[in-house]
Structure formats: structure tokens, C-alpha cells
Amino acid sequence: MAKIPFIYDIRVGWADCDPALIAYTGRLPCFALEAIDAWWEEHIGYDWYRLNIDQNVGTPFVHLDLDFLSPVTPRHVLNCEVRLRKLGEKSVTFQVIGRQNSIDCFSGNFVSVFVVADAFKSRKAPEDIRSIIEPLLIEDEGSSPD
Amino acid sequence: MAKIPFIYDIRVGWADCDPALIAYTGRLPCFALEAIDAWWEEHIGYDWYRLNIDQNVGTPFVHLDLDFLSPVTPRHVLNCEVRLRKLGEKSVTFQVIGRQNSIDCFSGNFVSVFVVADAFKSRKAPEDIRSIIEPLLIEDEGSSPD
Amino acid sequence: MAKIPFIYDIRVGWADCDPALIAYTGRLPCFALEAIDAWWEEHIGYDWYRLNIDQNVGTPFVHLDLDFLSPVTPRHVLNCEVRLRKLGEKSVTFQVIGRQNSIDCFSGNFVSVFVVADAFKSRKAPEDIRSIIEPLLIEDEGSSPD
Amino acid sequence: MAKIPFIYDIRVGWADCDPALIAYTGRLPCFALEAIDAWWEEHIGYDWYRLNIDQNVGTPFVHLDLDFLSPVTPRHVLNCEVRLRKLGEKSVTFQVIGRQNSIDCFSGNFVSVFVVADAFKSRKAPEDIRSIIEPLLIEDEGSSPD
């Protein structure tokens, strides 16, 4: 059964672009991170801000990698698809694919760990969060990156 | 024979930090990129701006990956060591290690390709650049990441 | 006759916030600028990127001022109202009011001049642009800031 | 008697520039703010991060204004002069002048108020801070902006 993809749209603007007339490399991880923040908000009902401050749950990153496939520009909306790829006991892995005008612009992986926010101490994924997001896992299907 | 490491120092400030009281994840690739920009300036005499605009040589990124080892804060200077790791016919790979107070905070790899800047067309590394940077290559020594 | 206000909505996120748990001061001018960029796109059909690159018309800023009235946080969407306040021969003045949950968070003024983009030379407002935006001028009505 | 000017130097890079080949408008307030942050660190011994977190004193901004006089580019270091202009009971006003290659690029004013950081409540300037910074006030001398 196919899951409905989570797509977060970003307006790319002049502010994001460098003298090469494309979005600056350093902006692209930020776009992907913003899409992951929106994924949490959509599925858990808390964005990172509320998750940290209201729920005392943090999800700092321990890894990210990105392949840049095609330049991002303001000429099209940037559609960021976020896929939950792995859910470990204490960590969570997302893949983010950024597309413009149906062309893959970047794809990458982002690994977070769960922490008690105010202590910045590692913890297991909270059970209520696990029960909500576990069904959202998107299995790897051979050719897809992971 | 050991090479003198290239270390680029960054002042981390309030502006870089998020509500978790640490530098925001999205800032860390930007710090590493800025260090690479400074590496070019130091060794070639052109930063990315001058390399693109004055020399018509661009070095867009096709890949980056980062492992986050320890939080970055404004309490110490961020020392970014940039190592030239590979020099292909048309590409160049850097490792960047960010340290604060002698603790490794992040380490990552950044792969650029050479382009004719105004055409955004792939090209070989310019010979004058190759001749300058080839001696700067830092061989992998077993335990180091690459 | 009342004009329909132009409101540009921005998602404020964790990435925008500093350790005081509010959007960083330096992000607020950026939000307002993004709203002005969107105003151009809506009314002229060109955002700054296309205006500069496709039309060779630039609108660099010569002044901005902002009063900060209430903190901006991720708890509400940021509604940025953009008002065209003045249209000089060679310049254009916008007021931007940022609101969250119907509370004014900031209000400011932004003055741009028209330039030939590739020469960065001052020029009069292009006639086609003037004819489109002149009717959008919002007169000052006593109590409103300007 | 002349006071020694406080100058904070910023490396402007590719990352700061937009397709007009100059530092993006939205970066310029950030440069000025960073210089003010460094001013506090130099004179009080605490940057904003330590002032807020270690001393529970915040200085959120209620106003800023900037005039842009000449484009900022990566071709020169950006020298930001910070002048303490006013010290009210509960507020403090800075002027920041950004120069490259001895040319004024921007000049602006920044007004902060003192707050109890963890309560975000207005307060008077702490006496120990007042006693240190009061002698640093730079009187307006006719022609200078304020």
C-alpha cells in the first residue's frame, strides 16, 4: 500500500541566491531541515520549537549528507519530500528529496537522536511519538537511496 | 613530511544559536563552506567570489556530508581545519574538521566540480590551479575519515 | 475606496529563533524583505530574481528602518503586510507590518532605487512598472506610520 | 579627548552575496548586529550569549535603521565601527558604521532595552554594566548622524 508522500513547499528567492544565480550551497541543508521541522509539525502536532519547549523533547542531528543533482533557483517552487527511513530505539533517519519543476535537485539523509531537551541527554524515542511515526516508515525499495 | 594544517577561525555568536543554546544545525555546513572559501583565498589568491567573477572558474558542490560530534557554542572560537583530500580531473574533495577548545565538534567531506562559471559547464581543473594545489593534498592515514 | 491589502505569510521556525526563544533580530529585516520580493512578484509578475536577470532592472535598498513591537515566534504564522507608500521618479518606498495572531510585531520602511541591473546605474522607474504600481499607492491616513 | 574607536572586522564572502554580486541587503543588519555583539564582549566581558545565559541580562532590540551608502562586496574586509550613542535608564543606543577600503558602506542606529532574560521583563541597566559603559559614550559632534 502506497503512503501519501509528505511534500513541503519552499519559496526560493533572491535572498537565497549567490552570484552564480543559484541557491547557495549552504542554503540547501537549511531547506531540507525546514522540511523536516514541518514534517514533525504535520505528523506529531509539534514543530521543533514546541517539541523542545513544550514537550522537553529535542532531536539534535548527528549526521547529514546531501547529493546536489541540479541547481535550485527562484524560477520554481522547491518541493521537498520528507521520508521517514529508519526509526531506531534512540534515533530517527529522514531522507529529503528536493525537486523543482519535477526535476530532482538534491537528495540527502538526516539522522537525529532523541534527547531530554533541557538536559541535552540522550533518551529513547518517547512512546507516544514512536506509536505515531512508526506507521509512517517508508521501506527502502531497492533502488532508492538510504 | 607533515604539512602545516590550514585552520580558519570563526567567531560563533548569538546569531548562530537556536533555542537549544547551541549553533543551529543548518549553520554548521555554512561554517565549513566558509572555511573552504578561505582555503581557496589563502592558497590560490582568489576566494570564490574572485575565482568566479574575475577568473570565470566556478566550483559548485555535488556532495557534502557531516557528522556532528559535539555541540558548537559561542563559548569558544570555532577552529575549522580544511584538508584537501582528493584532486580528480574535474573535481576536488575537502575534509573539514570543526573544533572548539580542542574538541572535535564536526567532521565532513565536501566535493566540488570545476565549471566554466558564466556557462555553468563542467570543465577540467585549470592547470595553474592544479599545479598550486596538488602539493597540498593530504594523504589519508588509515584512521582518518575519507 | 479601500485597496485589498497584500499579505505575505511566512512560516517562522526553530531555525529562525535564538536562545531567547524568539526570532533573531537579524531575521526580521529578512522576513520583511522577502515579503517585498513577493509583492513585486504578485504585482509585476517578476520577483527580484527575474526582474534583475530577465528584465535588467534592479531595486537596491538605500534605507530601511524597523520598530520591533512584539517578539516573533514559531507559535503563529507571520503575516507580513506590504504597502507601497511612495513612488518617486527613481525610488520606491514600502512599509511592511509583520503581525502574528493579529498583534503587530514590527513595522518598518524600506526605500529602494531603480538601477540598470548589469551596470548598477541609477535610472528612472521603468514606465511599464510605474503604470502598474502607481495605482497601488496607499496614501497615508493620519495615524498610520510613514 | 578622543576615544579609541571600536572596530570589528568581518570577512564578507560568496555566501553573503546575491546575484547582483554584492552582499544581500538582509545580511547588512546582521553584520552590524554581530559587531554590536562583539562590542559587548570587548567592553563587558560577556557577549550576548553569556550575558543572557550566565548573567540573565538580555538586550532585545526595539528599533534599528540603516542607510546604505555603497555596496558591500568580498573584495575588502568590512570594518564595522560601533559607537555607544545613548545610555538611557532602561535602553542603550548604538551607531554602527560599516566601511570597506575607507569608504562608508552603511551607517545605522540600533536601540536595545534591558530585560531580565529568563522573564523577558523590562529592567533598568544593571549598575555594574552602566558603570563600565557610561564612560564609553561618544557624544554627537554636530555633523555625525544620530
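For clarity, chains are labelled A, B, C and D in written order, and residue numbers in each chain start from 1.
The criterion applied here is as follows: a contact is a pair of C-beta atoms (placed from the backbone, for glycine too) under 8 Å apart; a residue touches a chain by one contact, two chains touch by 3 or more.
Since this is a predicted model, take the numbers as computed values, not measurements.
*Asks:* Going by the average position of its CA atoms, which chain sits the greatest distance from chain A?
*Replies:* D
*Asks:* So which one's got more C-beta contacts, B-D or C-D?
*Replies:* C-D
*Asks:* List the centre-to-centre spacing of chain A and chain D in whole Å, with centres computed as mean CA coordinates.
*Replies:* 35
*Asks:* How many angstrom lie between the centres of chain B and chain D, each centre taken as the mean Cα position?
*Replies:* Using C-alpha averages as centres, the distance is 29 Å.
*Asks:* Using mean C-alpha positions as chain centres, tell me how far chain C is from chain D in Å, no decimals.
*Replies:* 24
*Asks:* Spell out, as numbers or ranges, the residues of chain B touching 2 or more other chains.
*Replies:* 14-15, 17, 19, 21, 26, 30, 33, 49, 52-53
*Asks:* Under the stated contact criterion, what part of chain B meets chain C in this complex?
*Replies:* It is residues 14-15, 17-19, 21, 24, 26 of chain B that touch chain C.
*Asks:* Which residues, counting only chain C, touch chain A once they are in their complex?
*Replies:* Counting only chain C, the residues touching chain A are 11, 13-15, 17, 21, 30, 33-34, 37-38, 47-50, 52-53, 73-75.
*Asks:* If we count contacts the way the header does, which residues on chain B are in touch with chain A in the complex?
*Replies:* Contact set of chain B toward chain A: 19-20, 22, 25-26, 29-30, 33, 49, 52-53, 58, 60-68, 71, 117, 120.
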